[in-house]
Amino acid sequence: MSKAPISRFSTPEIADLPEDIRTRILAVQEKSGFVPNVFLVLARRPDEFRAFFAYHDALMDKPGKLTKAEREMIVVATSNANQCQYCVVAHGAILRIRAKDPLIADQVAINYRKADITDRQKAMLDFAMTVAFEAYAVDDADLAQLRSHGFSEEDAWDIAAIAAFFGMSNRLANVTNMRPNDEFYTMGRT
Amino acid sequence: MSKAPISRFSTPEIADLPEDIRTRILAVQEKSGFVPNVFLVLARRPDEFRAFFAYHDALMDKPGKLTKAEREMIVVATSNANQCQYCVVAHGAILRIRAKDPLIADQVAINYRKADITDRQKAMLDFAMTVAFEAYAVDDADLAQLRSHGFSEEDAWDIAAIAAFFGMSNRLANVTNMRPNDEFYTMGRT
Amino acid sequence: MSKAPISRFSTPEIADLPEDIRTRILAVQEKSGFVPNVFLVLARRPDEFRAFFAYHDALMDKPGKLTKAEREMIVVATSNANQCQYCVVAHGAILRIRAKDPLIADQVAINYRKADITDRQKAMLDFAMTVAFEAYAVDDADLAQLRSHGFSEEDAWDIAAIAAFFGMSNRLANVTNMRPNDEFYTMGRT
Amino acid sequence: MSKAPISRFSTPEIADLPEDIRTRILAVQEKSGFVPNVFLVLARRPDEFRAFFAYHDALMDKPGKLTKAEREMIVVATSNANQCQYCVVAHGAILRIRAKDPLIADQVAINYRKADITDRQKAMLDFAMTVAFEAYAVDDADLAQLRSHGFSEEDAWDIAAIAAFFGMSNRLANVTNMRPNDEFYTMGRT
Amino acid sequence: MSKAPISRFSTPEIADLPEDIRTRILAVQEKSGFVPNVFLVLARRPDEFRAFFAYHDALMDKPGKLTKAEREMIVVATSNANQCQYCVVAHGAILRIRAKDPLIADQVAINYRKADITDRQKAMLDFAMTVAFEAYAVDDADLAQLRSHGFSEEDAWDIAAIAAFFGMSNRLANVTNMRPNDEFYTMGRT
Amino acid sequence: MSKAPISRFSTPEIADLPEDIRTRILAVQEKSGFVPNVFLVLARRPDEFRAFFAYHDALMDKPGKLTKAEREMIVVATSNANQCQYCVVAHGAILRIRAKDPLIADQVAINYRKADITDRQKAMLDFAMTVAFEAYAVDDADLAQLRSHGFSEEDAWDIAAIAAFFGMSNRLANVTNMRPNDEFYTMGRT
């Protein structure tokens, strides 16, 4: 079986991209050893690319009480529920690395209720799933439940915003048939 | 019954906002006569605010084959399915104005299949709803269906990206309990 | 875009209708200034017309502890969940008038949990939605919840009967493609 | 296990009922040998009782191309999908009698797709189920599908109206905990 | 309407079956007076037949705190939710006989929440339905709920295993279009 | 975070097991280098254990036109949809080994529609998912669709039986909180 292309839509050549986008992509390549396909697939639309990664960085790469591993848990749990291959495979790799735990990503993706995570983290993921699938019903009781696990109002916003942002990302990846790079599958597994 | 506040979370004073955000908000106020609450609610997080509106503008305020009214139809149809009060009321107003049609927003929100729109527009909204609720199943047949109505690959991307972006926006508005400004309810109705 | 007809099925001439039905329709026209399309669409079947409006009046135009505005809230909330264009637009107008509130109908239709209504009214609508979508699971706990908000056994029957009757009405309107009269869209908005 | 009462709500004494209602109930008792509980449960509200049975008779006891057995099939299939004990048991009995077939009611209730009925009847029930669960999506293709099986526009209305009316009835029976009379269980089985 | 065959797939002649399977089938025929179709339909695959009935017997014909009638309640309630004609009709007959109650099977099948069974049995069926439709969410609270009704850990396993096994059986019966024998419909009704 | 135990229920000591079960378990341990937890968790019930593995072997370890890798694809795709951690992790490992493809298991689990598999295999998985979630609606068109991809009637039975059997297995694993052995996560990844 030959491999599927990285996107249902054509992708630009890196050399043809606007300077800032090319620079960002080359920096990632330098750091990771490869270019994650999300950069190539979204680069087809430079303005959307810039907004997407600015939003991503504002949510995932900032200080705050949620650890980086916890943010990735939110991505992995909601992305599998949305059946997003790219997001589960790529962020599963990042989660394994951030959490220094080779098992956690598969556990959280398939059924976070049975993962080796704390009750506080399960409450975080319960809320993230509610945001992903029933945001219309979020009410004060949900916020109180988070508070009972020590989450502040800022944390609640972070959880919700990450679940919402990756809900968008999951849909884009599914519509474009975005292919996970082979490298992600084994990262952080040993 | 007293009115609910504009957000479940506290909102900043305009005077305390970073210069670029304050400027944008004041420009909107100047143009519209009021500040749509989404600006105040999201301004609590300046970096996310900037990315959100950059993304919004990249999708909604650019040239392309989809008319501005058609883009708003996508927002209105998917937002009612997501039960997002702010997005239906605010973008319903914009849709009425863009389409110069006082009836269209309510029709599209409640059941676009029965709205006074073209078959091509219904196909556009069918695809948008698939992206919103079953993006995992999007396949070549969906794209072919769009093509049969004259939509290009670029148009398909636009429809999907708008549905995905407002899926995020709907979730943020529902989690924050974002209140639509009273002004929106009657705009464009006469 | 030309307007859709008022029904997928042919509708009778008023002059050809049985006396009692013609009289009722002309009385409504006299009072409202127009004939709401539901009268014309259902008049195709005189016996069903008579039963439908007798039932409607028994539930909506009678004394009881639920206010007329509250009864319309039930109609509007369940009808949007059933995606019934006619019922949301027509009863939204009536709700605005009964409640003397130009915003309430859109709020209740899109997401009643975030409307400017009382907690008691939200409990009423929670029960109405359970009747509309999960009546098989209604149990003593639901009735107790209503009682805790001051609703009597009679009120519970009223809420359930209105939700059930308009569930029928929503289905008839959707199957017939019943078109809301243009007049309803702006009634009670100012 | 003692038997549950016939309704969650109190039911009136037959002797205390308005003349027309008492007469109707006694006539049914005369004919059937017992009073079906739906008469007693709904008699608590005389105006609603009158409208309910007027509507019922207009749909179920009139001439038309659908046979009486076919109308009962619609009731039985949709009522089991709505988990309505009273309606499946009572109308199952009527269906067995009308169709002179002791097996048909259970087959149609549990999975009509596998019942000993004609393809035309399966198409009728497919449409009835769409009306019961997705009326918002009914479109010209559904009507064309019915036509391809020989159903007229009048038949389509009948199928839809029966599915819609019993959708209301199912909800009322579930909310009132309406108990099927023991007599229904075995009627028409031999 | 002619009757449907007992399976969508061809079924073997009893005489051609392996000795042990033929012996079991003849013993059932001797005892019941007819061969339940599940034996003929599954005999097409001797190894699967042997495993299926070994599993069935291990769950249904053994000592334990759940009565045989209670085990059949689990089968009947979950099988109707899975729309399995064979399982509801055949096990409904067995339930009537085991419980010595001509009404119970139809009640439990259509809506067990309103059946003439104990609260403890309703809790048992609530758990069985959770296993059938949301097993991924089973947690300690479900087990505690069972314990509060006097169910042991062994009982919990039994309920879950029966719901899971008949979930498999329901799927096999639906895919094969397994036809219930006519005899089952009236067994235990008088 | 300490690791969860291998089951919510207590598990027997291997030394205490009946001879045939102990022998099977030791043989697996010899071959694999560890005892997959499913053997220990299910051994609590020897008769059910024997039937479970007899059924498993009859479906998974026999000759037939479906390759062993294809059978594992069915397990992996349906098990992730059922959120079964044990089954996805353990059978994902087996799938990688059988298919000699380190990427295939994650692809098939998360969204088989986008996996590097043939159209024929996607049709096989479409049917397996229908069996897992809508078996009541399986009809001749589903079988015809399989035939158009070269699947025989025997193959259809195999696909359906595997999906049904692992639907049972998924439910048992979720109810028991069956923990995947750490060894499975990395098997076949390089």
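List of remarks:
Order as written gives the chain letters A, B, C, D, E and F; numbering starts at 1 within each chain.
One rule holds for everything that comes next: contacts are C-beta pairs under 8 Å (C-beta built on N, C-alpha and C of every residue); 3 or more make two chains touch, one makes a residue touch a chain.
Every value quoted in this text rests on a predicted model; they were computed, and no experiment measured them.
Traced through touching neighbours, the fewest hops from chain C to chain D number 1. If you average the CA atoms of chain B and of chain F, the two centres end up 43 Å from each other. Once the centre of each chain is set as its mean CA position, chain B and chain E turn out to be 50 Å apart.
Counting partner chains per residue, chain B has residues 83-84, 111, 136, 174 touching two or more of them.
In this structure, the chains touch in the following pairs: A-B, A-C, A-E, A-F, B-C, B-D, B-F, C-D, C-E, D-E, D-F, E-F. Chain contact summary for the complex, chain F toward chain D: residues 136-137, 139. Taken together, the chain F residues at the contact with chain A in this complex read 1-4, 80, 83-85, 88-89, 92, 102-103, 106-107, 109-111, 114-118, 174, 177, 179, 182, 185-186, 189-190.
On the chain C side of its complex with chain A, the touching residues are 111, 113.
Listed in rising order, the residues of chain A touching chain B in the complex are 8-9, 44-45, 47-48, 50-52, 54-55, 57-59, 62, 82-84, 131-132, 135-136, 138, 140, 143, 153, 156-157, 160-161, 163-165, 167-172, 174-176.
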